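Okay, got some structures for you below.
Two complexes come next, and they have one chain in common, subunit A, joined by subunit B in the first and subunit C in the second.
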Partner chain A sequence: MSDISRRTLLSGSALLLASTAMPAFGWAQTPKKGGRLVLAADSEPRNLNPAIVASNGVFFISSKIVETLAEASFDGKDGLEPRLALSWEGAADGLSVTFKLRDGVKWHDGKPFTSADVAFSALQVWKPLQNLGRIVFKDLAAVDTPDDFTAVFKFAKPTPFQLIRNALPALSSVVPKHIYEVGKIEDNPANNAPIGTGPFKFGEYKAGQYYKLTRNADYWGKDEPYLDEIIYQVLPDRTSAAAALEAEEIQLAAFSAVPLADLDRISKVPGLKVISKGYEGLTYQLVVEINHRRKELADVKVRQAIAHAIDKDFVVKTVFLGYAATATGPVPKNDPQFYTADVPTYPFDVAKANALLDEAGYAKADDGKRFAVKLLPAPYFNETKQFGDYLRQALAVIGIDAEIVNNDAPAHIKAVYTDHAFDLAVGPPVFRGDPAISTTILVQSGIPDGVPFSNQGGYKNDALDALIAKASETLDTAARTDLYKEFQKEVAADLPLINVAEWSFISVARDTVGNIANNPRWAVSNWADTYLAG
Partner chain B sequence: MSPLNRFLHRPETLAGAIILGVLFAMALFASLLFPGDPQAIAGPALLPPFHDWSLPLGTDRLGRDVLAELFHGARTSLAVGLAAAAAALLIGAVVGTLAGFAGGVVDEVLMRITDAFQTVPSFLLALAFVSVVGPSLGVVVAAIALGAWTGPARVARAEVLSIRERDYVAGARVIGMHPLEIAFREVLPNALPPVLALSSVIVAAAILTEAALSFLGLGDPNRVTWGGMIAEGRTVLRTAPFLSIVPGIALVLTVLGVYLAGEGVVETAAVRRSLS
Partner chain C sequence: MTRALTLIRRRLVGSIFVLLIVIIGTFLLLEAAPGDAVDAYIVSTGGDAGMIELLRHRWGLDQSELTRLANYIWALLHLDLGQSVTFSRPIRDVILERLPTTLLLMVSATALSFGLGSALGIYAGAKPGSLRDRFLSIGSLALYAVPGFWLGLVLIVVFAVDLRWLPIGGIESLASEKTGFARAADIAVHLVLPVSALGFIYFALYLRMMRAGMAEAWRQDFVLAARARGLSRRRVVFAHVARNALLPLITMLGLQSAQMLGGSVVIESVFAVPGLGRLAQEAVASRDTPLLLGIILTSAVLVIAINLAVDIAYAFLDPRVGASEAGA
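And then the complex of A and B:
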């Protein structure tokens, strides 16, 4: 109650301030109810079910509607804060995890939320259907529901509790059993108009125009949400987001919808703020993927030469305009649990790169070229394409003649991950808080053809495979963390792929938008406490 | 007055000729003035024009020399423009001559095919073709020619229809020349001038189409093109507008030059015809 009275007091004093024509920033301290937040959306996912498609494009919209068991947090224990689960406890033998669930939560259609929904989501959706859940929950055998607010996950093989914990924010979207138990889950109409427990209900979607979310008056969070409506205005053209912000047509552009090159200018526009926080849990990695079927590239000396030829500082400074960090290995520097700097590094050194190539037996021909490669930059980001242009030049300097092949997104995925029609590719994999979720798959062998964002370069290293297998069944958190430190060393030494940089996104918002970036996955969290002042 | 004098007498034609001359010089001397890879990184990124005289037009987002890119881009633009126009004129002249000279079913079939190609907007046709086959210089040339040959075909056919009734054609028939020989040796050369008059329009359109394809990311990514330069500059339009403006101006001047010079040629030819 003391919280409420303070809030009332503050808003009262803010009213007083406003009445005496004081600057409006007094408002920014007090969450205000009501209002419509309009923001830019650059893609239009058709399937909005985050329990099936665990990707940031889907989360961006549906995380406000469908909630997870826990959300990432800056200061919570183990970097988590409760959502639908109040607590989680792992058994010592690694065979079970017990979740205590929140009482009094209602689905958007009025039915109560219970442990049966969690059991259904885990067994019928996350494990068999979800892109990431297939890996993390592969040994999940059953979910016991002793009462309505307890769910006990039973694993067939010991599964590290640390991994389950780290997977909660992205992988544990709970969908309603009573909606999904009829018919095929993939074809359920709720995939396009989700029903959840979140602070906002799905309103409507007009293709090419907008998504509308409306306030859930029955939300379990006290007084939340503050906003009445969220409108995702579809602006596929990146240059238009900045103009729309300046024209006050939208109040927020997340996920770097404003091009990096425009940030310097737009930060000087009165009424707009540039925020680089709130994406700590969504680190993208700029990676050179290598096809080890090419004789030249199967030689570790050639891969080391390529690593030495890339000026990472230049890439961070020029391609990312400083909004990135140089990478040392497969785990990003900003990861608090696993990162180690104690790995072999490859400083920018053209002479050394040339020497390594000569040593490998690929001498320069008369025209200064050693061999030719096909380079496929991923088309998803401006930065991956630009880095492709840079890499072509960097390789030319050491006598490797790279021919760039541009594809659209589906053709790129097919060419690299199914047809293996590449020598080098530029990819942006995501680090999701634990190497076992989506990082080890990038280097591990034995993955079937056609799995996107996995090792499709034909790389096979038995020592590394053994290390990954051992880490996946090590229950002790400290021992598991050490194994992943060793994994980073091994990857950096043998270079199945080359990690160049790590970046996150930037938000640009009007000053009136409050409670921005208050957790490490803010753009894809539920926004129950986001508000509009003034 | 000699034809050349008459040609250069008109000020707009002279301007067109000068622009074209400069363009050809840029394309010819690009490798001499800017040896090596024009896409090599030459300095700090996003250097504005006229700040550093070793990089007079500044640098792009990766620090590549804009002037060098402009010169090498002239090469691509001219090469694509001329090659696409030549291909379009060749296909058009052959199809038109065959249709006009043979008449009957052949004429019907060829002209309906021409109709079919004419009903599809040529740019869409090029877009579809390049996205299916994959972007490279040869494919882009073919894609543009695919949408541009119908105009020459129609003009050639109309011209052939009137020529084939002339006495010398009848004469050729009488002495037993093969019909194809008559069509391509006797008729086509005389039907060519009005077809060639279309060339300036086709070259100009081809250069624009190539730029538009590159702008949409369907150009050859391993080559500098003006359209690609504009597309790259677009992401930094508000902070470094020169990156789009410089190749944009080059594009406008080129198309203008080709058009003015082409008009001049047509006028000169027309005067000569009426004089003779």
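And then the complex of A and C:
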């Protein structure tokens, strides 16, 4: 099972908009020490090294053990708060970034944490091996370590500091050099039993049963962590997490382990609370991917017609039961840095959609159909599948006959991103805080076949490519941000793909679990301050 | 004794061909499924072209299908099941870790369905056409019609969520550090619901077979003779009618073992039991071909062994069977 198999949704649209402006949740109480937190895990990542595999499934467990240089924050400067780094500063020429590191931090095996560990992680792990780091740190040439608590990243080409900063929460997990410098990094046993600096130590893993993390008594955070143990109980069945919460066998189900349809019922169970905050930094985008090799779909009028045929409000209300927001373009509304609403929009308008299709020269035949397409909804989420069913009906209304092709996850990945055996697909790309990490790749041309979550629809727009290239080497934060606003306009105008909605996950927890959802990546943060009351 | 040995020898020779067909068939089926282990892996990570190429090379997926099949069979001849792609561990270890759980589940569920099914079948068949016979027949049919996963979910809602008598899933308490008798008791408590869900599906089958066999036996001459000899009703039921009706049930026991393995996939998922069935499902989802081959091979060996045991038992219970085969 893929580790996003069950990951689903977030707050109502208003909440999603407001969330970044709101401070952390305030059921302020003096945290209590001790206790075992038991929570549901829907998948079992085999490689637990977040420095190699930067994915939510791995972070969910490993972020408590292995820490990053900085973590996302609701109210910190630039949306960040310090972890292993105390400060970070980019040079004006974009060729270096200087990190001041925390003193007095110890690895779980007792050895001291130093700048050598950061240099090793960045050069030997993030840049060559990490799924996202290979892109963001591709021009990293060296890391200087003038003393034990200073690391200076040197880039071969000017690299925007804004990008590096935005990448820190997900991409900068630091692993111990002394453990990894022997042998092949990919085969290191610590990948399955991580050693980090985090508030919890890796305890044990029983395949198919549980992961156990135990308190790190030497943690650098004052009085932290509060919990003695965290147990991830592996519950593969979609209905189990809700039942386990009700039976009080677990106290928390994060990452929408409780399906949307059950939330209404479970929110009425005494002692349980439903929380749609704490995932603002992990926004998924509901997108219609388009194969521009089909001559009909290569016509922008046809794409605009499809956009007009989709009732986004209905999708949010029906497919996501309100736990989502409608989208306007390739950057989600809840992003505090880049989002602009000033883009061409496509209100739900069947008459206009029909007119556009007529104009494009695809008149309705006698049976009311204009042309047929193959539609492949991604199987990773219930909601992507349900939206596929909706889209088929919406297209039928404007005379496009969509045939749905259902695949399991690996088959879908191969069909869409390697074989290009689709006309339309429904995909859930992730916005990772900066468009350069995993968003521009969705529309950029020249990407080799087989790269997942990228432009495999054969779309090529020289103006857009030039804009993306320019933004990638623009160092000034304001100018770079403006370029990405321009990028959103261009994408919304030419519709290489159609952004429909944005959503994230829901947590359900016992009332006793304290300090939930107090940062935008809460479920994948270190939980040093999480506690169990009463 | 020689009769049994001949039987075993013949079956073992036949089994080798069965296993070979199973391996090649499974391999080809899995190859026909679109997407490979790397496609399954990058669903949750993404990654650029270079990383994907690296992974394909590391996992040996850049070799041709034929090469991989040949390598697999060659390694198998050296009793090596290979390395799991997703677990990065020897497949033998991964399977051995899960096998006892599935065996425990299967044996318990078989004991439950066979024991209860044949007992109630005797009870119902002792008086064909009586009220209790009709009631048990209809009741068991209803149970047989219920899908296993649904029965499992209902059991969870009633006994684990509402009444809280039993745990909702798992094979034992999490990280409890129990040992010895306390651990065995803990496992037994955890097994109650999954064993019931798995066992009750097949229970109906045994009950109905037993009952039908008894109804048939009642009409036989030897039963008439036994009654004419003035044997007690109890003696007639147990020593003559039930005993003869039991034979087809033993055949069923062998056939059912394969079905139980299939049923355990669903039950293990519903009850979060870390067994082979769930492992197989994960192996398919992650396109871990060698792991799935290992699991299917283990299951095939298991089913062959059980059926062999059944045949031997049969040969002892009914001398006619073994004689014809051994003499052929």
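Keep this in mind: the second predicted complex is superposed on the first by the 506 of 534 C-alpha atoms of A that agree within 3 Å, B and C clash if a C-alpha of one lies under 4 Å from a C-alpha of the other, contacts with A are read in each partner's own complex, and residues count from 1 in each chain.
Note that a residue touches a chain if its C-beta (ideal position, glycine included) is under 8 Å from a C-beta of that chain, and two chains touch if they have at least 3 such contacts.
On a predicted model such as this, the values are computed, not experimentally measured, just so you know.
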Subunit B versus subunit C as contact partner of A:244, first or second or both or neither: second
Which superposed partner A:403 touches (first subunit B, second subunit C, both, neither): first
Touched partner set for A:392, first subunit B, second subunit C, both or neither: first
Which of subunit B and subunit C A:57 touches, first, second, both or neither: second
Subunit B versus subunit C, judged by how many residues of subunit A each one touches: C
Partner chain in contact with A:367 - subunit B first, subunit C second, else both or neither: neither
Which of subunit B and subunit C A:264 touches, first, second, both or neither: first
Contacts of A:75 with subunit B and subunit C, given as first, second, both or neither: neither
Touching partner for A:231 - first (subunit B), second (subunit C), both, neither: second
Set intersection of subunit A contacts, subunit C complex versus subunit B complex: 239, 408
Of subunit B, residues touching subunit A in the complex: 37, 39-41, 45-46, 61-63, 131, 134-135, 217-218, 221-222, 234-240
Partner subunit A, residues of subunit C touching it in the complex: 33-37, 39-40, 42-52, 58, 86-88, 94, 97-98, 153, 156-157, 160-161, 164, 167-172, 174-175, 269-270, 272-275, 278-279, 281-282, 285-287
Subunit C-facing residues of subunit A, complex: 1-4, 38, 45-47, 53-57, 129, 131-132, 134-135, 186-187, 192, 203-204, 206-210, 212, 229, 231, 233-237, 239-240, 243-244, 246-249, 380, 407-415, 418-419, 438, 447-448, 450-453
Residue numbers on subunit A that touch subunit B, as the complex places them: 238-239, 242, 259, 261-262, 264-265, 318-319, 379, 382, 386, 389-390, 392-393, 396, 403-406, 408
